[in-house]
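Two complexes come next, and they have one chain in common, subunit A, joined by subunit B in the first and subunit C in the second.
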Partner chain A sequence: MNFMSRLLRQREYGLTAVILIIGASVAFIDTGFLAAGNLKDLIIRCAPTAIVACGVMLVVLTGEIDISVGSLMALLAALMGMMISETRMEISMWLGLPATLLLGTLVGAFTGALVTLGKVPSIIVTLGLLTALRGLTTLIMGGNNIDGLPDGLGQMTKYGVLGMPISVWTAIAVIIVTGVIITKTALGRRLFAVGSSRYSAKMVGLNETRLKLFAFAYTGFLTGLATVVDVPRLPKIEAGIGIGFELLVITCVVVGGVSISGGRGKLRGVLLAVLLMTMIRPALTFMDVGESGEKWTRAIQGMFILLAVITDSIVQRRRKRRLHDL
Partner chain B sequence: MPPFIRVSGLSKSYGGVHALKRVCMDIAKGEIHALCGENGAGKSTLIKSLTGVVIPEEGTISIDGKPLPPGNVQASEAAGIAVIHQESTAFPSLNTLDNIFVGREPFTAGGLFLDKARMRGEATKMLKRLGQNFDIDCPVIELSVAQRQMVAMARALSQKCEFLILDEPTASLSAKETDSLLAIVRQLRNEGVTILYVSHRLEEIFEIADRVTVLRDGERVDTQSVANLNRSALIFLMVGRELEELTQRHEHAGEPGEVRLEVLGLTNPGVFENIDLRIQAGEIVGLAGLVGAGRSEIARAIFGLDRYSKGKVKVNGQMLTGGSVKQAMSAGLSLVPEDRQHEGLILPMSVGANLSMAVLGKLTNRGLVDPRLERDLVEKLMSDLLIKAASQEFPAETLSGGNQQKLVIGKWIAAKPQVLILDEPTRGVDIAAKAQVHRLIRNLASKGLATLIISSDMNEVLSISDRIIVMREGRISGEIRGREATRELVLDLALPQEKEVLA
Partner chain C sequence: MTTITLMKQKLLILTLTVAAILAGCSGDKEANPDPIQGRDNTAKTVTVALLPKIKGIAYFSSCAEGAREAADELGNIELIYDGPTDGDPKKQAEMIESWTVDGVDVIAVSPNAPDVVANAMREARAEGVQVITWDADAAADTRTFFVNQATAQSIGVGMVNAMVNDLGPDTEGDVVIVSSDATSANQNSWIEVMKPAIENSNLNLATIKYPGENASQALADSQDVIKKYPNLKGLFGISSVSFPGAAEAVEQTGHSGKILVTGLSTPNEMKKFVHSGTVRSVVLWNTVDLGYLTIFVAEALATGKLREGATTFTAGRLGEKVIAGDNVLLGDILVFTKDNIDNYDF
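Moving on, here comes the complex of A and B:
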């Protein structure tokens, strides 16, 4: 395999190259980009996206999609705030946080049930939930923001342990667990298998319903986890939390090389894509594009989606041509 | 000794149509038992009942004296039943290793993680037993059809399969691949595996099977020792009547007319070289050769789907520039592609919509499709081609295999071509439907259509062609007139020659 085709076929190589090029160019303009504080900030920004992307990746591997995680995050943040805020119900956070995780898992399982048992396409189900959950959040919050989260939680999520906020440690744990599921367990293999061919999966007796339910529930759980470890960093909880987050996560999964039709993809690719997508914003800041930074971020992220899809189709075409030659 | 597999009184119906009607059959341990029948005779349903994919309404199956729980894939696998399907059911994006083990992966001592070393070792051993040697880490989508079949076979063997069902295993294999598959099947039988062999290719059944069971319309017609049967007797059992067309050699009706298709020195290096063809009006020319000899590629190049580096293509005396399907079609050329289910028909759409698809542009009135013109055209085609459908509004997928096949051909006939290229027109189609398609092709030829037929089915080439052109490794190796052609002559020209020793 020559260099070009490796770059095309193995998404990780391409992504690493792009990350290095962007990193080096921005550092050339302003070496402050590579300062320890800035890199740490970059990693902290990556954490919630990486956590949820691990779940959405499994969903996409099975051939489904989940575009409701942004709204789910907002709903869970609101519920968490209602439960543990000193100005609200004031439940102990040792009860409130696990309850948030449980609620996330339940919503995820519900989504999965609508898709598998209800036989509604997942894009429709999660599109509905994207709107519905956001609406529910606004309803619950009744136009007021929530503050007064326990101090300890704020400390943990802002400064954390061993110099890193707990969101980063959580992300590392989630990445390890997901990596093990994907590469070392039969469950992981079967998720790939269902996405690769539903028909064949049925013929070898795999339980498609259970596998997909797991992927959705896992995504719900991880969204809860990301909410619990990342949201309390903010000074207050607003109804607008996580708007556009679902698209960022899907972008990372697709740009990371996971086939949108299922059955193919690597965790490494997704994680590199998370890094790439997250570094665009600070890179722009250092390049001094000023006020328009936010707008450019979106445009560039979108461009990477197109780039990823185009490379995919080139790879597919080459593969077909090679098959034809046989 | 009780039979190894006993099927008794098995019934299953789909929406009022009986797929199986109280079918009983016995299979002895260690035999190769063939299962025959036309499309829709109930073979697939019987296989699915054995593998637990379908729950029969009545009847029981026992293996080695023990009853098999109905509709349980895992129980069937545990009982040692494995199946290899015609379009090898595989997970295209997974590699060989995962394809062999998915669904019943071996675990390490802890029971949590996959035992990769064992998977790797077993897979290598199985493939070696099958005489295969390819990269087991490569996604199976990048393997050839024959190799994918071997992956399925390795999967079956690795699950200690005692009863192997082969469902049309050779449908997409070349002659050489078929031979090696049959050799492997025999080897497995000798190792004690019981085999149920399903195939439309009757010669394979005579070559390999010990006994044969024939199904017709969901009922078992007979079970016979193969030694007591000949080809026409078997066909008679399957169809319930004699099929003369298939055994009789076709004699060309009249003198061929003017040249419709002329190909001179067509070359695409490494694929085909220096191809000359001339086909006259009313002539049916068979293009024979092994799979991979470059036949489909020539068809694609002539039709403008692929480019070629040298050579000329003339249709009706009009020179084509190459690389333009539109030009080829307007010159009067049509190609019925090989992969019909994917390229040829849109199954959920109606019969009428499928038939008019290729000529919609001619049926428009001020930019809109004129429903009356369309209906008239479809009606005419349906009656010309004897397509049996409840109405033209019915989805194409509700038609039988043979009628779907006619639909694909009809779609291209609608464009009123003067030259028709058919790539594997009857692959995977039962005998009666095959005869119907052949009759249709002859009928069209007698009206002046020049036809080029690419087929891997030797009997088809021999029975329908006025002239047979044989290819070997991208070149034309010879031409035989229809009535002089024999299997041996064609094979001799198609098979690779021994390398000549240089003096």
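Moving on, here comes the complex of A and C:
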């Protein structure tokens, strides 16, 4: 196997190389990019994306997709705000935050039920929810923003404990749990099995419905978790929270090397992709691309998505060819 | 298998495209002058129906205050101030219809959804009622004039002046504009005005960030420029999302009072940052004057003093106002500081 095909097959190597190249080039222009404070900010920004990507990765592994997490985050943020803000219902956050997680899990399970029991393609279901949940959020908030979250929650999410906001500690825990599920449990192996061949999975008696329901509910739960630990960091809760977040998460999952058709992918790759996608914007800031350069940031992010999808299809085609050759 | 995979990939690309479109969608209506004869009416009492987007919220209540002031001053005005309490545009349309039946002279609309009220506005005009818009505009063929509260010039220059004053005119250093999207028409028109104004000061515009209408991105971009430009003196947050985002970044990085933030906002949104000292000036148009000017325009239209094609208009204590096309420009801005911000509740 030559070097190029190894790079293509082992997405983590390619991603690590790109991250190092970008990091080194930007540091060459401005060493401030590698300053401790900036790296810390980078990790904090990765946290919510990494948390939700752990869930969406499982959904994609089973051969489904979820593009509604950004809108779900907005809805859960609105509900969380309505419950615990001192200007609203002012419920104790020790009740309001678990309730937010529960609501996230329920919406996730509902999505999964529509896909599995309702037999509607997940892309249609979650495309619908992307709009529906955002609409519901606007309705609930009625054009007013929510502030006045408990000070303690603000402190924990902005400054945190042991030098890091709680979102980072939460992300680490979620990554460990998801890693264990994927590599060490029967559940993980079954998720892969359903994604790589529904037919064979059925033949050996796997319950496809239950596995997919789990993946969607887990994604909903993690979206709730990301909302609780990251949203209070923002100056206020507004209906626009999480716009484009679903796109970012899916991008990370795909760029991270998880096969869109299911059955293949590594958590390491996804996490590296989260780091890569998160570092692009600050990298451009530190490179001082200037006023007109700023307008290109989205195009550059888009190029990474295209590159990843193209690589993925090349890998798939080679795989097929190799199978034919056998 | 291959076809299924390809289909899924196509679906994914489609999804990404749709998501991008959904995320980036925003439209601005271009107003075209529409030559319809203004009704010549020299009746003694002019009945004006002033329709806000939402009745009962402080922003519009302060506009209504100015409207009442103008009505008292003019003396020949019967002012009806009413609107839906929930902001339902269908109720706005119903109100326009019933006012048309009642035979009011002028209806001034702040449309919450221009398309929903457009037919009611056209019908009112067909019945001979003068229709104008204020605060927000609608399609050009639904109204004669738009009382435009915010000229790019006054807002852009207002923000730069506020920053220069807050920092002290002799302060030198970098400033950064945190905008919305690179395609946001309003923000871009302000930036065009701000650039030369900054150039004429001792400040240097280091860069412009476009985080979109995304609160966490606005926060992140502001944190980044604070680290990137050590000589940063000020941040302009020129959207409703980027203003609090920039202020939050300054506070979280511990630069409150050292790096000043200013921008355009309603006072309630920024009160906490004004009281913490991160923000010294919040720029907005004068809402009281907006209501005042709207009533003067309504009266002048109904009595035939103001006709289409006019280029200036004198409105009581506001003096002479410029009319650009079919936009009557309010022009003046209001600066909220810690001394006066608590007097406003919207």
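As a working rule, the second predicted complex is superposed on the first by the 313 of 326 C-alpha atoms of A that agree within 3 Å, B and C clash if a C-alpha of one lies under 4 Å from a C-alpha of the other, contacts with A are read in each partner's own complex, and residues count from 1 in each chain.
Everything below uses one rule, namely that contacts are C-beta pairs under 8 Å (C-beta built on N, C-alpha and C of every residue); 3 or more make two chains touch, one makes a residue touch a chain.
Worth saying up front: this structure is predicted, and the values here are computed from it rather than measured.
S.K.: Using the overlay on subunit A, decide if subunit B and subunit C clash or can fit next to each other.
M.R.: Pair status: fit.
S.K.: With both complexes overlaid on chain A, does A:Gly263 touch subunit B (first), subunit C (second), both or neither?
M.R.: A:Gly263 sits against subunit B, while subunit C stays out of touch.
S.K.: Using only C-alpha centres after the superposition, what angle do subunit B and subunit C make about subunit A, to the nearest 10 degrees?
M.R.: About 130 degrees between subunit B and subunit C, seen from subunit A.
S.K.: One more residue to check, A:Gly244. First (subunit B), second (subunit C), both or neither?
M.R.: The answer is second: A:Gly244 touches subunit C but not subunit B.
S.K.: Which of the two partners, first being subunit B and second being subunit C, lies in contact with A:Val254: first, second, both, or neither?
M.R.: A:Val254: touches subunit C, not subunit B.
S.K.: On the A-aligned overlay, A:Glu64 touches which partner chain: subunit B = first, subunit C = second, or both, or neither?
M.R.: It touches nothing on subunit B or subunit C.
S.K.: For the overlaid complexes, name the partner, subunit B or subunit C, with more touching residues on subunit A.
M.R.: So, of the two partners, C touches more residues of subunit A.
S.K.: Of all C-alpha distances between subunit B and subunit C after superposition, which is the least, in Å?
M.R.: Value for subunit B versus subunit C, nearest C-alpha atoms: 8 Å.
S.K.: For subunit A, which residues lie in the overlap of the subunit B contacts and the subunit C contacts?
M.R.: none
S.K.: Give every residue of subunit A touching subunit C within the complex, in rising order.
M.R.: 30, 32, 35, 37-38, 41, 45, 48, 65, 67, 123, 127, 130-131, 142-143, 145, 147, 158, 230, 233-236, 238, 240-241, 243-244, 246-247, 250-251, 254, 260-261, 281-282, 285-286, 288, 290-291, 294-295, 297, 302, 305, 309, 312-313, 316-317, 320
S.K.: Using the touch definition up top, name the residues of subunit A that touch subunit B in the complex.
M.R.: That would be residues 180, 184-186, 189-190, 192-193, 195-197, 199-206, 259, 263-264, 319, 322-323, 326 of subunit A.
S.K.: Mind pulling up the subunit B residues that touch subunit A in the complex?
M.R.: Contact set of subunit B toward subunit A: 51-53, 73-74, 77, 83, 85, 89-94, 98, 101-105, 107, 112-114, 139, 141-142, 144, 292.
S.K.: State the interface residues of subunit C toward subunit A in the complex, per the touch definition above.
M.R.: 1-2, 4-6, 8-9, 11-13, 15-16, 18-20, 22-23, 54, 86-87, 182, 207-210, 212-217, 219-221, 223-225, 227-228, 241, 244-245, 247-248, 252, 269, 272-273
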